[in-house]
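Next come two complexes built around chain A: one with chain B, the other with chain C.
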Partner chain A sequence: MDEKNIYLCRCENFTLKELHDLLDSGITSMEEIKRLSRGTMGPCQGKTCRDLIAKEIAIYLNKSMSEIDMPTYRAPVKPIKLGEIAGGDKNA
Partner chain B sequence: MLHTEIAIIGGGPAGMCAAIAAANQGARVTLFDRGKRLGGQLVKQTHRFFGSEKEYAGIRGIDIAKILYEEIEKNKLIDVKLDTTVLAIYSDGVISYEEGKSYKRMTSEKTIIAAGAAEKMLLFENNDLPGVYGAGAVQTLMNEHGIVPGNNVLMIGAGNIGLIVSYQLMQAGVKVAAIIDAAPKVGGYLVHASKVRRLGVPILTSHTIKTALGNETVEGAVICEVDDKFNPIPNTDQTIDVDIICLAVGLSPQGELLRQTGCEVKYVPSLGGFVPLRDENLQTTTNGVYVAGDSAEVEEASSAMVEGTIAGLSAAEALGYGTNIVAIKEGFKNDLDVLRSGAVGEKIKSGLKLLSC
Partner chain C sequence: MRKSADVVIIGGGSLGCSVAYNLAKKGYKNIVLLERKYLSSGSTGRCGAGIRQMWGTEMNCLISRGSAEMFKTLGEETGFGDIEFRQSGYLLTTYDPKQTERLKKNLLIQHKLGIPSHMITPQEAKEIVPFVNTDGMDAAFFCQEDGHINPFKTTFAFAKGAQDLGVEIIRYNPVTDIKYNGRKITSVVTEQGEILTDTVVNAAGAWCKNVGKMVGLSHPVEPERHQILITEPLESSMGPMVMSFAHDSYIQQVPHGGFLMGYGNPNEPKRINFNHGWEFLEQMAQKAVFQLPILKDVRFVRQWAGHYEISPDGQPILGPVPELDNYIMALGCGKGFMLSPMIGKLIAEKMAGEETSLPIDILSIERFAKGELIVETGVV
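Then we have the complex of A and B:
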């Protein structure tokens, strides 16, 4: 199977081949992989790919899922227009 | 800033039942849902439910949503916010949300997270081709919007969702070429499997998908047999002509908001992945934050409704409402036990044992 056509993160076009290249180059922290690949940082904010990426890292490192440094869940959980936030909360 | 006694995030079966239970004890509730109507996944469940009468067995999911909605509408203590997505829960307890096109904030005494689950994706070649769908997405398209996704479907996953959606596709006049599953036997109920088998759909166990074929959209799929360790067996490739590949390979609990509250989680594959620790009242390790339904553990709608009720009662009780709530809750806890009898229930129960706090 051609890993360059297997997508982990469809929002950011991050493939299994790109993940394995990063891992082979010695980068095994999910936090670093996220910053370098933008995987989990697209419109869906990792709803689909977060666990997929973590699982592939776990398999590569022969670790359990709980041992992977999963990135934190930042606010907001979905994209929102800046204008809406700038408009402010009328009841604040 | 706006303030409510109990904020409930998610208006599916768990959230709706939580709102009803809490408001019936006298608590003031705000129920958030991103959809234009309440019901969550119930709205697209056109089949009749199993389980016990108390959990609406024999009634179609969409009609259960209607019954719950009518009860919510009658209750003046429940404020429903539709077309509203909760964006964050901050460490000081402030909940921010997008209501229509405006950004707003609210505080609450207690929060119940009933945000449901997201569909799992599978890794295979060309898995980004248009025509690769989640089974839940196909159900939404067909049953909510009246749109068929294509003409000829390969269903991946022979659990209940894969079997039920296959049947519903056929009801809509779509051909289902095959249902495949990597497991050596069918995961869903026999009654659902028999129904599709009688209509001539082959269910191929110990099979997986290797490749989606096609340039612009799906034109076919290569499937193969797998051994008992789920590794592909050489020389078993088979090409199927389909224009839709439908994935029913499980759900992941929606954990973003829960995690923002700082609650502790554990990875329990049988419950869908990372799931929060909780006590018998469904309170997480974050004081005042409760969880119910698929966000707590991936199960099904009947148990989600009972969990929602228990979480709603517990939150109301913690605010000093109601009398005799302990006894009322005991009844619902027994209902959960009954729903969780049988082989599937045993798996859920042993998973849940790892999560008590």
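Then we have the complex of A and C:
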């Protein structure tokens, strides 16, 4: 299958082709790849794609997964409405 | 890693990368930039990335205005591509006549320097941002040429420009010591080995004090934690950054569609602290829903924390130090991302012994000993 059509991060439409382009340009840190591609930064918080992207980076660099600088998960686990956090009527 | 370098830059944020790029453009050949983690891992990649020219001191106005000019061409000039610079304006709102008066005075400085800012009524503010809540609003200030930019892409554009001109950038390699003898620096020690050099640029942001200690200096810059959150993307509906001095907050819809927002807590202890919490979230949500009521049904998707690197007068500390040769400071800005292009250029000019485009000597560390502080009050 064409790398252009392989989506690693579905929230942010980040494809294997785009990952390989970044890696080819010398950007091999996953933390940096996340910030340049937005991969793992969508509403699912990277729950499905983080390991997938890390695995592809590891394959490319011929390294093990544990050697990849994987980003941490950021709070919250599930998106929450600002109005709910602000608390009913005491919004002033 | 090179064994020796003409210049070693410590810090891979916007300032370090900008200094590297500007020095390389001047023809410096053997530059090494060292970053403790990954590029933009410090404050730069955590910031609100607002670009504001409506400042209260001449130097902040001039540096930010010069920088806004340079942001326009940086992406293309470095071959990086679009860095998402949008001059969609800043809307500063006030809820207190005294605050309005203070900002009106700033307009005089801004206008003298050619910054196209102006005072508007709450009704006019509503024309610019139709869903802004004008309850209790006294006035607003607007500058169309202010805006927002992608901080990651900007840093990587500087880095690409630098690397294409021969700069070596090394990630995940903290500087652990600087060796010096009398006034002369002799080498920089890193986790991956030692680099012989006589010239060091300290662009270590909120960590700059630690680097200063390596050469026996105490830099008056404190890290102040600031928290921030982003919501799910919505269709593009808000142009300018909405900033309120009454709420100490800023809210911006970024090109991706999410609303990015943060506020400063004046009682924050001065130390490095990346924790982020519920209290910030609740306060921020209240401030946001008050100012922009439509945000109440929008979900927040991520929160994080970073640091302002605060100098005693809220302005950058730039250039050499009296105690040591070729130790250059590029730090202490507080809101330094928006100043990074111009600071890189000024530092490169200074290091090359040229006349600087702006009189940066007044921002030297020596101003504190002489008591010549130039206090910026417009920091949120």
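Heads up, the rule we're going with is that the second predicted complex is superposed on the first by the 87 of 92 C-alpha atoms of A that agree within 3 Å, B and C clash if a C-alpha of one lies under 4 Å from a C-alpha of the other, contacts with A are read in each partner's own complex, and residues count from 1 in each chain.
The rule we apply is simple: a contact is a pair of C-beta atoms (placed from the backbone, for glycine too) under 8 Å apart; a residue touches a chain by one contact, two chains touch by 3 or more.
These figures come from a predicted structure and were not determined experimentally.
Asks: Once the two structures are overlaid on chain A, check if chain B and chain C clash or fit side by side.
Replies: fit
Asks: May I ask you to decide whether A:Gln45 touches chain B, chain C, both, or neither, giving the answer as first, second, both or neither?
Replies: Both partners, chain B and chain C.
Asks: Report the partner of chain A that touches more of its residues: chain B or chain C.
Replies: B
Asks: In the superposed arrangement, does A:Arg35 touch chain B (first), chain C (second), both or neither?
Replies: second
Asks: Examine A:Leu16 and indicate which partner it touches, taking first as chain B and second as chain C; both and neither are also allowed.
Replies: first
Asks: If we overlay the two complexes on their shared chain A, which of chain B and chain C does A:Pro76 touch? Say first, second, both or neither.
Replies: both
Asks: Quick one: classify A:Ile85 as touching chain B (first), chain C (second), both or neither.
Replies: In the superposition, A:Ile85 contacts both chain B and chain C.
Asks: Taking the superposition on A as described, I'd like to know which of chain B and chain C A:Ile59 touches: first, second, both or neither.
Replies: Neither partner.
Asks: Using the superposed model, measure off the angle between the directions from the CA centre of chain A to chain B and to chain C, in steps of 10°.
Replies: Vertex chain A, arms to chain B and chain C: 140 degrees.
Asks: Closest Cα approach between chain B and chain C after superposing, in Å?
Replies: 7
Asks: State which residues of chain A lie in both footprints, the one left by chain B and the one left by chain C.
Replies: On chain A, the overlap between the chain B and chain C contacts is residues 45, 75-76, 80, 85, 87, 90-92.
Asks: Mind listing the chain B positions that touch chain A in their complex?
Replies: Listed in rising order, the residues of chain B that touch chain A are 1-2, 85-88, 90, 96, 98, 101-105, 118-121, 123-128, 210-211, 252, 254-257, 259-260, 266-267, 273-274.
Asks: Once bound in the complex, which stretches of chain A touch chain B?
Replies: Chain A residues touching chain B: 1-2, 5-8, 10, 13, 16, 45, 47-49, 51-52, 56, 64-66, 70, 72-73, 75-78, 80, 84-85, 87-92.
Asks: Touching residues of chain A toward chain C in the complex: what are they?
Replies: Counting only chain A, the residues touching chain C are 26-27, 29, 31-32, 35-36, 38, 41-43, 45, 69, 74-76, 79-83, 85-87, 90-92.
Asks: Considering the complex alone, what residue numbers of chain C touch chain A?
Replies: Contacts found on chain C: 37-41, 45, 152-153, 156, 163, 171-172, 231-232, 256, 276, 281-282, 285-286, 288-290, 293, 295-304.
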